[in-house]
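Each of the next two complexes has subunit A plus one other chain: subunit B in the first, subunit C in the second.
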Partner chain A sequence: MKRFGEMLAERTFLLSALASSSITLAILAFMVFMGLPLMKEGGFFQLLLKPWAPFQGSFGIYPMIVGTGAISFLSLVFAFPLSLGCSFLIGAIGPRPVRRGFRRLIELMTGIPTVIYGFVGIFLLVPIIRELFQQGSGLCILTAALVLGLMITPTMTLFFCDSFDRIPRSFLDAADALGASPVQKLLYVILPSAKKGMLNGVILALGRAVGDTLIALMIAGNAIRVPESVLDPARTLTAHIALVIAADYDSPEFRSIFTCGIVLYLFTMAVTFLVRYLGQAEGRRE
Partner chain B sequence: MKRFTLVQLLSVISLLLALCSPAFSDSLDPFKGEKGVLKISGGTAHIPVMKDVAQQIMARNPEIQITIAGGGSGVGIKQVGEGLVNIGNSGRKPTDEEISRYQLLLFQWAIDGVAPVVNPKNRVKGLTKSQMIDIFAGKIGNWKELGGEYRAINVYTRDEASGTREVFWKKGLDKGQITPGAHVVVSNGAMKTAIGQDPYGIGYVSVGHIDKTVASVALDGVVPTNATVQDGSFKIARGLYSNTKGDPAGLTLKFLDFLFTADGKKIIEEHGFIPAK
Partner chain C sequence: MKFRTLEGLTVLFSWAAGLLLLSAVSLLLGYLLIKGYQSVNLSLIFGDASPLRAVLLKERVFDGLFPAIAGTLVLVILSIVWAIPVGVAAGIYLAEYAGSRVKKVLDVFFDVLSGIPSIVVGLFGFSFAVFLHKHYSDRIGPCLLISSIALSILVLPYIIRTTQASLEGIPLDLRLTALALGATRFQNIFLVLIPRSLSGIMSGIILAIGRCAEDTAVIMLTGAVASAGLPHSLFSQYEALPFFIYYISSQYANPDELMQGYGASIILLLLCAGLFSLAYGIRKGLNYWAFYRP
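Entry: the complex of A and B
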């Protein structure tokens, strides 16, 4: 009887694992299938490099790829040092009550819906950026990246803290025994051994930044021109999908957003594989 | 004796309540005893009117539930065609192809202008049509050229599914190009927020949506108001449509009928639209 129960559980788990992994692949297949007519017409790579001008029959998504790249990487540039500082305080240097309090606060921050960040950004940050640089509308790559950076900071910080926590106690004890100060301990013991976990945190935060729709839609300005400076408005792939999805089902506009989906999908996949690869390379060296 | 006065008091109160109750008793009568869910989506210009009508109906008939979503004209037509909603609103006439594919029935209940708007702080209060076309094409890039401050013009436009955009592009810009550097917002409300926030922005909204947060711009000397839209001197105008798939029935029909009653027209007027005759 017990064996039967075990077998049943095993089969059930196998089934759910199969289902979730096949759904992931099925989504890619579906997007390729839906995007196929347009890809045949113009060629996939041409679509990636052309501008978006639906009235001239050009459905390229190059400006959106540039926009997504610029906004998400810039947000990472803002978020990384911020998260590093937060995690140092929470994970290593701060006094115990401060550490616990801040950790709770950061955990709370991960739960705030992105629309709230977007709203605050529109009413507080946009006018400041506009008047500070005396140029443009304030709805631009810089503003979106700042807000997005703020949004991904808690995720990144928590990942950093977790990887600090996983360091073997004996390492820290050894450092203490050698008379290391907290800062020395952080720089020479904690950071080197937490590298891999931190890399995971960065990649995951980048994934969140690339995948977020609402902040870019509300703050980045959604212009379809390839941005030339960080003060120019730009459109991300996700915001583009949200804006075009209302178009007619049979229109080439609508079909072209499946190309966006494929690009987003492949990008995420590439990033995931990169993390795996880097992680393995790290493992081999040790 | 004391009991009698209580009855008197109650009857006076109830009489007062009856007198103070909304004056829509006649037009809302058909909804009595109705129940169910009515789903509406689409054009964002329609939303204030839809919300008001729905509130009045639901306040009197708690069994009725009316949900209103935006999305733009394209979404409204698509969703009603696919049977996802009962009424799909559009700020443009659905194309012949859309009408035949989805067997749409059109109810035009108001006329609405689409007016260029700027921030109230902007000194520029009037434009010629060719100036406006050049602004939206990106050929005029600074407010200085129009008598304003020395600051770059930020152009705002709407997404592809917007009926407001289509009408403005056809009748306001004579199908001229809109600069790819233009900011894109997703609803009439979002346009108002964006222009209200940006002292150097220019965009366009439905005339019914204009309030003190934005300033309308006179076009060739004609200030866009209800009066100028109605007498035809302000040219950028369109019908507001509510579309159904096939003949409407039940709650849907009663809702649409209400828009054409005197009380319905009053609500439409209150929101700055011109009720259809």
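Entry: the complex of A and C
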């Protein structure tokens, strides 16, 4: 009887694990299944490179891919130096109370809902950008990237701090013994050995920026065309899904959102594998 | 000399970045609180209805946030109810039963799952609803049930990972004591390991609750609408706080509605900040004594 209970428990645990992992595959399967008719017509890769021209029967998602790329990349450009400075402050430079307090604050910042970043972005930052550049409505790539950059900074900073924390104690003690100041320790000991971990942080933050929906949807303007400057509005893949979903179930426009879904899925999968690969490479080296 | 300059610049740069982030966050939160604090009062939540009668479901609330708050609450509870058993069980399997090869494969799956953008999970939920609608019943469309299932998929990796990590963090001697006294594997897990790692598991669950409460992308695809009243069945559409904020930001008709948006934002912010502080607090405070059985 006891043995039967044991087996039942193990089976239940195994089943839960299998069920949860099969969801990962089920999501991809659903995307492919629903997007198949459109892909059969045009081919998956052509869809990625074709322009969006519904009246000519072309449902390529090239403008959305460019929009996603531009907004995410620009947000990284803003977030990277900011996160670097903040993680320096937390990791080595600040006095002890500042380091702890600042870390708490940043941990708390990861809990601010995305929709609130978007909400404040619309009513505070958009008018400022509109007045500053005197062009368009203020709903543009630049505004979205600024807000998105602010949103991913805490995540990136915490990843950087984690990679600083993983450095062997003996390295730091050696630097201390040689009379290094905190800055010197940071620049010549911590930073060189934390490079890989920091790269991980950047990649994961990029994944988060690409996957975010609300900020781009609320602030980037959502125009379907290839943007020419950072003051142009743009539509991201995620926002495209959110905007088109209300349409008729069987229309080709509707099918195009599954192509977007597949692209996003494959991208995050690539991010995951890259991070895993880097992690394994690091593990081997040590 | 050159090194000195570099070092000096680094210090300057770090403080500047810290101050910049601090001022950006204070600006964000300060703007929200200063513009919106006046709107936070009982009539924001209950409109013209009397609070007590509204909570007892005797009176409908028309121009208040009560339906949205109730919707979010029901949604979070449902999602967590689906996610906890499966997530904790999968975490236990990963930490205690899986062989190293199986673990490696499952690890990859859960890593991918945790990286999938929430809008894609929402799209999955939506197409699942369409699938059910076509093949099983006309009554099923995007609804509370579908939303809660999709949200539970979104937070499943959090619960699995925190469960796994806190189980794996238990030192070996504690692991072996009960086994050496003749306990079975299952008894060891339930009477020793789980109570011991409860604080870790709880903090993961609370983070998952926070994620469910704030997520907008999933619910806007799977059944959240601007006005539906209180959620009355699993198969009905519903209102939710984050969706309300999004909706107001793009569709507000007059300053009063906008003020409601500010009020809703403050409520959601306080809710999520509270949950986060709780999760971080619990990880330190709560320990296995809470569920200690003599």
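Basically, the second predicted complex is superposed on the first by the 256 of 286 C-alpha atoms of A that agree within 3 Å, B and C clash if a C-alpha of one lies under 4 Å from a C-alpha of the other, contacts with A are read in each partner's own complex, and residues count from 1 in each chain.
Operating definition for what follows: a contact is a pair of C-beta atoms (placed from the backbone, for glycine too) under 8 Å apart; a residue touches a chain by one contact, two chains touch by 3 or more.
Model, not experiment: these values are computed from the prediction.
If you put the two complexes together on subunit A, you find that subunit B and subunit C bump into each other. Of the two partner chains placed by the overlay, only subunit C lies in contact with A:213; subunit B stays clear of it.
Touch criterion not met for A:36: it reaches neither subunit B nor subunit C. In the superposition on chain A, A:77 makes contact with neither subunit B nor subunit C. Of the two partner chains placed by the overlay, neither subunit B nor subunit C lies in contact with A:274.
In the superposed model, A:232 lies in contact with subunit B only, and not with subunit C.
In the superposed pair of complexes, A:122 makes contact with subunit B and with subunit C alike. Once chain A of one complex is fitted onto chain A of the other, the partner contacts of A:135 are limited to subunit B, with no touch recorded for subunit C. Looking at the superposition, the partner that touches the larger set of subunit A residues, subunit B or subunit C, turns out to be C.
Within the superposed three-chain model, A:181 lies in touch with subunit C and out of touch with subunit B [touch as defined at top]. Judged by the touch definition given at the top, the superposed model places A:49 against neither subunit B nor subunit C.
With chain A used to align the two structures, subunit B clashes with subunit C at 56-64, while the other stretches in 2-10, 56-64, 110-118 or 272-280 stay clear.
The intersection of subunit A residues touching subunit B with those touching subunit C, taken from the two complexes, comprises 122-123, 217, 242, 249.
Interface residues of subunit A facing subunit C in the complex, by the touch rule stated above, are 2, 5-6, 9-10, 12-17, 19-21, 23-27, 30-31, 34, 81-86, 88-89, 93-94, 98, 102, 104-120, 122-124, 150, 153, 181, 183-184, 186-187, 207, 210-214, 217-218, 238, 241-242, 245, 249, 257-258, 261, 264-265, 268-269, 271-272, 275-276.
Those residues of subunit C that touch subunit A in the complex are listed here as 6-7, 10-11, 13-18, 20-22, 24-25, 27-28, 31-32, 35, 85-87, 89-90, 92-94, 96-98, 105-106, 108-113, 115-124, 126-128, 130-131, 153, 156, 160, 184-186, 210, 213-214, 216-217, 220-221, 242, 245-246, 249-250, 261, 265, 268-269, 272-273, 275-277, 280. If you check the complex, the residues on subunit B that touch subunit A are 71-72, 74-75, 78, 98, 151-152, 154, 159-161, 179-186, 193-194, 197-198, 200-201. In the complex of the two chains, the subunit A residues touching subunit B come out as 51-54, 63, 122-123, 126-127, 130, 134-139, 217, 221-225, 232-233, 235, 242-244, 246-249, 253.
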